[in-house]
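In the two complexes that follow, subunit A is the common piece, with subunit B as its partner first and subunit C second.
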Partner chain A sequence: MLFAGIDIGAATAKVVILRDGKILSYAIIPTGFDVINTANEVTRLALEKVDHSIDELEFVISTGYARSAVPFANKTLTEILCHAKGVHLLLPRARTIIDIGGQDSKVIRVGESGNVINFNMNDKCAAGTGRFFEVMAVVLGLDISEMGPIALKSSNPCQISSTCTVFAETEVVSLRAQGRSREDLISGIHKAAASRVVTMGKTVGYEKEVVLTGGVAKNMGVKKFLEDEIKMETVIPEEPQIMGALGAALFAQAELGKK
Partner chain B sequence: MLKPSLAKNNFREEVMKTMKDLSTSLEGRVSELRELKKEGKKIVGYVPGGFMPEELVWASGAIPVGLNRGGDPSAVLKSAEYLPRFIDTFSRSQIGYWAMGEEPLYQMVDLVVVPCTDRNIGVIADGWEMWTETKVFKFGVPHNNKSDHAFKYYLDGLHLLKEALEKLTGSTITDDKLRKEIDVLNRMRLLLRQISEMRKSERPPISGKDYIKLHHASFRTDRDIMVTSLESMFQELKGNEGRKGPRILLIGSSIAEGDYKVHNILEAIGADVVIEDFSEGMRPYWQEVENNGDLVEALADGYFRKRTPPPAFFRPATEERVAFFLRLAKEFRVDGIIWYSMMYRDSYDIAGIYFRRIAEKEGLPFIKIMSDYDTAETGPLRTRIEALIESL
Partner chain C sequence: MYYDELLRLCGFEPEEIEEERPRIEKAFEKLELTPEDIDRGEERVRQYFDIELNGVRKMLGLWVKCLIDLALAREERKKIIYSSFPAFTPLTNAMAMVSEDIFVAAPEIILVHTVGMIFGKLPSLLEVAEGDLLQRGLANCSLLQTMLGGITKGVIPVPDLIVPSGVLCDQAPELDELIGRIYGVPVAYLDSVVDEMGENWPQTSERRVKYLAQETNGVLAKFEEVTGYTVTEDISQEANWRYINLLLGGNQVLELVKNADPAPISYVDIGTMFRLTRFSSTTTIFGDVGGMIDLLYGELKERIGRGEGILPKGAPGVSIIMSPTEPSIVKMIEESGLVVRVDANATTEAESAPSKHKDFWERAGESFLRKGVCYCGLGFATQLKQICKEWDLDGAILNYQLSCRGFSIAPLKAKELITKELGIPVLVLECEASDIRDYSAEAMRTRVETFAEVLKAAKAAKAK
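And then the complex of A and B:
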């Protein structure tokens, strides 16, 4: 029997196909404008890899920003629960999840069974999210994937006082004019964003093991500065972007047990 | 006129009927007020933060109406022409509602009374004073309800308000008139309390949104009609059973008329508010006003000294406030707490952080939401509320 979890985020759409509690296949594509089309497309892609089709799915749970827009989902759940569930399967010792996606960032405290104990997430502001890094990459004329490795090269990160995406852009432009190196600037951007996310999560607290998820977890600069801020090591799942979809798929599988 | 219900079966429908009657009466209220105004009656608008004794207004022969609109992003946008941005969203949007000209009550008031509880609410008075031709009466509400000095200060404000109302209407506020009004308003407070307490049951007979709408209706409707409605509703609700689901304590700074997004999100997922507390947008109903002795002093005593629960800005009363809410959480058997305050209302922002700590110690799941009446906040807001309910 096949189960699917589909996570339509602000920037990317992810799907995980589950069989017997194990990941059979997954896919990640940009969300784009047409959410319904994206949901169909990403699911079709993941299923095609293993020669299956949407009709064969037993139960589908959608999550993420556009969770309600998935036409073939049997149920919706928030990404907070799904991230906790997904991470718990792969890293059962996880007690804190820092999830940084395209549009929001969350700090989730999880219990021994992968249950959500507490969480906090950013409001509508883009500070400390993937979007923040995207804007900064454009300002500095870089590809988003180059940002992290460059951030690690500086030993003297610039002080970026504003984490507001709009103001930080002005600050970066002004620091660039002052002749600060690209490494120091990029490093400073990462430090500021990490600090912002860590502060937001302080109300829920940080307990070992701390796991990073979401697309931004692929950025090694963010990992370093988050670790500096919380003074703890962090763990990144093999594919940090699909944790929400994986959790949703696990919940979908659990639905069968309820019947 | 609202008719008391006779049918005993299908209580839910009967309740809906009273609600419907009440909203029909509300729809007609504006034209009714226009007629009364033509006859020479004065309309007194006020900020419904529970510190303006409407008894004084009714006893003066004027008609009080609470200015309590909120939740509309266009009013916030409009307010930018008059006020800076970093002010409590509810307070800031008030001038927006006036400027948009679409809300009749904001256009027909002869006097606006603003009990200034903090700088944000004070800005409402500033807005009316600076940008409109409407007369404004403001008076201070001290932050210490335990001190005699503070009590006298508030009482002094009520005496000045009494004078201002008498001057506006040309009619004297006698003890007889005041006594009658205190009785009516006490009855209204008691009924609101009794209906609220019905929600302690496993299946609350009235939804959180309907309940708060009763408060909002009470700011516009004639007090006698409101009491009659509440009387029949109280009878109709007896034995009525609503939905069983996750139970929420909703608490914060302002719950404005038109700002029901938290209720809507909760209702859509089978959860509901079973008890709430807000500084603006609700009528404090846990205490009554003594109807003897010096009546203005009795009003100051009921509205200020005995105010229950103490609002967030009553500084020496923080422990009292916390204890009150923990008791409510227990009695109303809440599963979680949603703190809902307006953006830039700092005192509530700070209190929210403190409450989170207290709630967590008690094992009560808690989320804090800040609203700027902005459409962009809807997505994250829904996620947070749904996640809270899912994790219960």
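And then the complex of A and C:
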């Protein structure tokens, strides 16, 4: 039997197809404007890889900000619960998850069974999210994938506002005009974002093992500055972007047991 | 007429509508309530309120009557007294009871519950205030902004006397002074300082109690100067008894639903009733509120007897700091499977100790100053913890109100106290009391739904 978890995030849509508790297939595509079409498309892509179709799915759970818009989902759950579940399958010793997505970031404390104990999530501000890095990459004329490696080259990061993406952009433009190096600027951007996320999670607390998820977890500069801030090592799953979808698929599979 | 159906939903009897029609039309015209606003009001009342219950309809009707009386107070040749939130209700009630020629109100509270909560058009008042004195984005109190917008727009009258209290924060006296200067209105300050030691809550220092009583006497002298009426001790006593009866009635309903499982009614209805009895501060409600409470109490008792509820039995209970302007937030919390049992305005047993003061205003003042929000930041946080304890709650959802001095300080400290000392989870949300242009239930949904799952899991584990 096949189960699917679909995570429609602000920037990307992810799907995980599960069979017998194992990942059979997954896919990631940009969310775009039409979330219904995106949900169909990303699911079709993942199923096509393993020669299956949507009709064969036993139970589907959707998550992410557009979770209610997935027409073929049997149930919706929040991405916080799903991230915890997904991470627990692959890294059962995880007790803290730092998830940085396209437009939000979360710090989640999890228990021994992958249950959420406590969490905090950014409110309306893009500082400390993937969007923050996207804006900065445009300002500096870089591809977003170049940012992390460059951030690691500086030993003197600039001081940049961690409270507002727009103000931070203004600061970066000014610092660039003052002649600060690209490495120092990008390093400062990473430091500011990491500081923002870590401060948000202080009321939740950090306990080992700390796992990074979400698309921004692929950025090694973010990993380094987060570790500096929390003074702990972090672990990144092989594909950090699909943890929410994986968790949703696991919950979908568990639904079978309830029937 | 186009508004008859809305008024019917708000508990107006047909003959009452006919009798009041000239006043209603005049008030709605003054308030610039268009047929589209009335349609929206109808939609919101049906969507957010339990209008199956006549008590709820009557309660909404009382808010509408407060609005009509407020809008027409000048045309009806009343002497108008405004008191800013939080009103020292024994004082405002005493002034209101002196004569039928006097109209006393906390206008922003009435506007928030009617123009905001029912008609969903509070931004029209906030924007006027922003164009006048209070720029957007500078963390101005949205309640005061509402009052200023109402006066500037001409939908509510310029008062004859303003009684701002410095009991909660500095913004009320500052803005009221400004309104006083612009419109030439005398201002009688009910000054205070929020400087108790939080760990002493609810023990109120003699210094503050005596100072508030002295300030109250000053306000009454100014009231006499402006209106020509004297508030005697007999009037004060009678007004206070009426107020106490209102509180007891409201508390009786709250007690009834406190432990009812399943929860028989949404907290949107209960909270709105509760605030009507506590904060509207108008004579409008004196005559009818007792009947409304009795009706609601009876209907709820029957519903509880039938075992009917809005959520399944055993749903986790929470306290909240709520936004009265936007019922969709409480509704969303309830949709996620949580029962909202109480809010930050509740009176705890800890506050109910008898007073040792002999003077009437000292006794009334002490009771007022014991409220956490009038005490100090840590005192308020301690009161929020006490509410969770006395109501035996599973969690708390506390709005961190960015533009409110009192409500922005306490929630984070309360989270720490509640989590550490009671061991129950707390969710802090950023929101606002009245200005909900930057906030929505949808933006909060992910956090609330996750929090609900955490509470359900914790409750299930505890049951095992």
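Quick notes on this one:
By our rule, the second predicted complex is superposed on the first by the 257 of 259 C-alpha atoms of A that agree within 3 Å, B and C clash if a C-alpha of one lies under 4 Å from a C-alpha of the other, contacts with A are read in each partner's own complex, and residues count from 1 in each chain.
By our rule, a contact is a pair of C-beta atoms (placed from the backbone, for glycine too) under 8 Å apart; a residue touches a chain by one contact, two chains touch by 3 or more.
Fair warning: this is a prediction, and the values are worked out from it, not measured in the lab.
Three-chain overlay on subunit A, with subunit B and subunit C in a clash. In the superposed model, A:Tyr26 makes contact with neither subunit B nor subunit C.
In the superposition on chain A, A:Phe225 makes contact with neither subunit B nor subunit C.
In the three-chain superposition model, subunit A touches both subunit B and subunit C at residues 65, 77-81, 115-119, 121, 123-124, 203. Every residue of subunit A that touches subunit B in the complex is listed here, in rising order: 65, 77-81, 104, 115-119, 121-124, 203. Listed in rising order, the residues of subunit B touching subunit A in the complex are 353, 356, 360, 365, 370, 374, 376-377, 379-380, 383-384, 386-387, 390-391.
For subunit A in complex with subunit C, the touching residues are 65, 77-81, 115-119, 121, 123-124, 203.
Listing the residues of subunit C that touch subunit A in their complex gives 412, 415-416, 425, 428-430, 438, 443, 446-447, 449-451, 453-454, 457.
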